[in-house]
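Okay, so chain A shows up in both of these, paired with chain B first and chain C after.
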Partner chain A sequence: MTRVVDLQVSSRRTLNQALHDLPDQTNETHWTVRNPGGQHALAVGIDAPITVTIEGHAGYYCAGMNKHARIEIHGNAGVGVAENMMSGRVHVRGDASQAAGATAHGGLLIIDGNASARCGISMKGVRIVVKGSIGPMSAFMAQSGTLVALGDAGDALGDSIYEAHIYVRGRTGTLGADCCEKPMRAEHHAELRALLDEAGVDEDTRYFRRYGSARQLYNFHVDNAY
Partner chain B sequence: MCGIVGLFLKSPALAPQLGSHLAGMLDVMTDRGPDSAGFAIYGEPCAGMTKMTLRGSDMAGLPGALSAALGETVLATPRDTHMVLSLPTALEPRARAWLAEHRPDVAITGAGARIELYKEVGRPADIARRFNLAGMAGTHAIGHTRMATESAVTTAGAHPFSTGPDQCLVHNGSLSNHRSLRRRLEPQGIAFSTDNDSEVAAGYLTWRLSEGATLAEALQSSLEDLDGFFTFVVGTETGFAVLRDPIACKPAVMAETDDYVAFGSEYRALAGLPHIATARVFEPEPARVYAWTHAP
Partner chain C sequence: MGSRFSATFDQHALAEIRRAAATGIYDIRGAGAKRHLPHFDDLLFLGASISRYPLEGYRETCATDVWLGTRHASKPIHLKIPITIAGMSFGSLSAQAKEALGRGASIAGTSTTTGDGGMTPEERGHSSILVYQYLPSRYGMNPDDLRRADAIEIVVGQGAKPGGGGMLLGQKISDRVAEMRNLPKGIDQRSACRHPDWTGPDDLEIKIEELREITNYEKPIYVKIGATRPYYDVALAVKSGADVVVLDGMQGGTAATQDVFIEHVGIPILAAIRPAVQALQDLGQHRKIQLIVSGGIRNGADVAKALALGADAVSIGTAALVALGDNDPAYEAEYQALGATAGAYDDWQEGRDPAGITTQDPVLAARLDPVAGGRRLANYLSVLTLEAQTIARACGKSHLHNLEPEDLVALTIEAAAMARVPLAGTNWIPGANPIG
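And then the complex of A and B:
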């Protein structure tokens, strides 16, 4: 059953509350949000295996804290789309603003357009596939998970990165502190292939370069461990 | 937090709607700045004439008294708490001197061939309505909604700031070296009317422009001389420019079509613009100067 919520008529709080109130095994598994108008905090905190389609542009923190849901944004997303996502899948059909997928622990974030600065900042396990380019300072302090850009990467890529994997097909600007290029071994081709397939991207993995941590910063030295 | 909006028209056909578009954009940015708001709008110049925007109260008798003192009729357009005077450019210094002596209570918010500059404390939509922004035409306009952090909520602290002819600046962020920079600028003849950090940024650009720099060059050098967080949108008589600090601390989104260049702190400020669905929407990169100019 599809529920339609028109945000020119209903409030954002009404929408989010209805999504939070869904019981386990709900039959209301398809939701369509009309006239989002770039409002902030749409479809946040969902904890149910439902599908939400947002028909237009979303503002800040759309699909934040998502668990289990598939959320599709037919437009651009503002700052912090899918921030702190735990699981599920968020698909932005347009561009994403800064800090897409910030601190997210799991799930899959797909961005058809470009993502701007700090994409995947402090990511903790999320997988992010950006079909366009990613902005400066992407994967800043990224802890685990995978960030893929089919386009270019801006300056200071992967600054202070821990164990996350970065794959870039296009050009990269400067690399951030302690970020370095690493060889693409068989397991990396396999990891990237599986992720591209899941994101519906038909692209040969041999065109990608891999970046990760050189593990030279202070916290990587065992003598500095507590 | 503050909200910035800007609209630079490439197509003269949109000129009559400039004010109504900007008013809509300002209203959307109320959430980012409910304390006060202001805007600068650049209209058609009149050869040999200067526009001076005044802010104050009890100004009904001012144009007559100033006209008598100058021996020339000064045209006045009152708009709520502001009044735009139109007078021969050659008489501007005498008009300023007369105002300083006879009406020290009145502030000059901006002056130049094209600029009109309005600012007030209150909700952005109310301010736009009080000045009838929706009825104004022009070539480019810049607006700001303020949530004060570094200085008091006063009309004088509202943006835009204008420190030179036809120049204005709006700022989202905060500067940390504005006191020392101010001490460098004051001996160069740059005067400030508030303690606001953003006014120092405006004064810095005025100084660089007066030294012969282009707007783009002035902004480029500000990356060396200004310390802090900023997204600036700057207007001159024919120009419109955007600059973000090197880590892009404050939000910015732009849209460009064949007809206009638009700036918003958030996309939703741009959502009502014509043909936005097919515009090139992008976020300006950190530490990169974006500038557009009309033929003078």
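And then the complex of A and C:
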């Protein structure tokens, strides 16, 4: 059953509360949000395997802390889209602002357009596929998970990165502290292939370069301090 | 003659120069600022006299309870005593220590707080009221835990290191700690010093909105700041929508930070309370948004003084650890073996704590019995409360919150200026500028 919520008529609070109140075996599995108008914190804290379609632009933290839901934004997303997502899938049809997928532990975040600065900052297991470019300081302190950019990457990529994997098809600016280019071995092609397939991207993995941690900052040593 | 020591190059300064020359690295340690600072000891209560009427000691009612989060939360917190247990991470502390804190606080009717590293089932299980910290690192941050919490504390900074992130050195990153933080085992872990997805008060306001939306406006939201520019930071926290402001002074403990940071960044809590209260008053929010202060609280007099200066509650870290057994002379031989002595041991970052509190070593951690530790903490909290009540009754107050700056005088000009109370025996409050 599809439920339509028009945010010109009802409030964000009503929407989020209704999404939180869904019982386990709900048959209200499809939600459409009309007139989001760039409001912040839309469809946050969902813990149910439902589909939410947002017909327009979303403000900050859309789909924040998502668990299980498939959330599609037919527009642009503001700062911190899918921040701290645990599972599920968030798809931004337009561009995403800063800190997309910040600290997310799981799930899949797809951005059809570009993502601004700090994409995947402090990510902890999420997989992020950006079809356009990613801004500077992306994957800052990224702990685990995978960040893919089909376009270019801005400066200071992967600064202070831990064990996350970064794949970039286009050009990269400077690499951040302790981030380095790494060889694409068979398992990386396989990991990337699977992720691209899941995101519906038909692109040869041979065109990508891989970046990760040089692991020089893992144990503090004065000679390595920046 | 060569018999005069320099006041400038004192023994400590000389030892530090030698240590730096030998090792090439700065000193990292736990605990708070150790040098002498203006503090609550520099204040005195006046007590009742002809113009003021005291209450009968331990008979007439002197209430101690406090509500936190009444501004926006639909489920504010009610504590029996205005003393909370500060956020200390699992990782910096053993699971047993976290459990003991939960047990002690629950007996006393107060709250405990998670820390940089997420919520453990032990502490949730044993804390009747648990505050969940939302830190820059977001280690273990999880919407289920957010919903399980009784309040949420957004940590912007800590008094021991305003502007610095956390540190947990490799020796304390056990399998369990590594898994909770999603990090490789054994690395030196540095928590971020900035939040990853918001910058500045306008963003913070939206972040708070998001957290409220996720938790359906039920839970109080605290904002914790290290004391630096308290007037402005408190005003901005209020503007951002905080229900409670937690203000931590430079004496506040830490699990691991550079000594130079601990000793030279931030201001003492004595200097921070009045500007913070002033900000709340200027915005018409004093006692509506609650102020919790911390950093060097040791006894009931400190509690009473903090409340008299306008705080709604205090928070303790170091003292709670000492109540559990940290730095206990019973372990003197082992402290000596670590090159320290009971009372001065601060290498909490090393994970070799003989008292089994600041460690992840299973053998050491097993030394702390969480039930006995909880009991000791409860006793200590009870004494803090009784002491604060004793003072309040002497000042004629039927609730700890009725203590006021007019009950206080200062012993030093510095304390008078910082606490904005007169120098004892005078009516002089140095400092004309009302804004901190």
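As a working rule, the second predicted complex is superposed on the first by the 217 of 226 C-alpha atoms of A that agree within 3 Å, B and C clash if a C-alpha of one lies under 4 Å from a C-alpha of the other, contacts with A are read in each partner's own complex, and residues count from 1 in each chain.
The working rule: contacts are C-beta pairs under 8 Å (C-beta built on N, C-alpha and C of every residue); 3 or more make two chains touch, one makes a residue touch a chain.
Note that this is a predicted model, so its numbers are computed, not measured.
S.K.: Just chain B (first), just chain C (second), both, or neither: which does A:V79 touch?
M.R.: A:V79: touches chain B and chain C.
S.K.: First (chain B), second (chain C), both or neither: which does A:S144 touch?
M.R.: second
S.K.: Mind working out whether A:S97 is in touch with chain B, chain C, both or neither, as first, second, both or neither?
M.R.: first
S.K.: Please tell me which partner, chain B or chain C, touches more residues of chain A.
M.R.: Looking at chain B versus chain C, the one contacting more residues of chain A is C.
S.K.: Should A:P136 be classified as contacting the first partner (chain B), the second (chain C), both, or neither?
M.R.: In the superposed model, A:P136 contacts chain B only, not chain C.
S.K.: Using the superposition on chain A as set up above, list the residues of chain A that contact both chain B and chain C.
M.R.: The answer is residues 59-60, 79, 98 of chain A.
S.K.: For chain B, which residues are in contact with chain A within the complex?
M.R.: Against chain A, the touching part of chain B is residues 247-248, 251, 253, 266-268, 271, 281-283, 285-286.
S.K.: Where on chain A is chain B touching in the complex?
M.R.: 37-39, 57, 59-60, 76, 78-79, 94-95, 97-98, 114, 116-117, 135-137, 154
S.K.: Which positions of chain C touch chain A when the two form their complex?
M.R.: 24-25, 137-138, 141-144, 146, 169-170, 181-184, 186-188, 190, 192, 196-198, 203, 206-207, 209-210, 213-217
S.K.: For chain A, which residues count as touching chain C in their complex?
M.R.: Answer in residue numbers: 12-13, 16-17, 20, 40-41, 44-45, 47, 59-61, 64-65, 67, 79-80, 83-84, 86, 98-99, 102-103, 105, 118, 121-122, 124-125, 140-141, 143-144, 160, 162-163, 218-220, 222.
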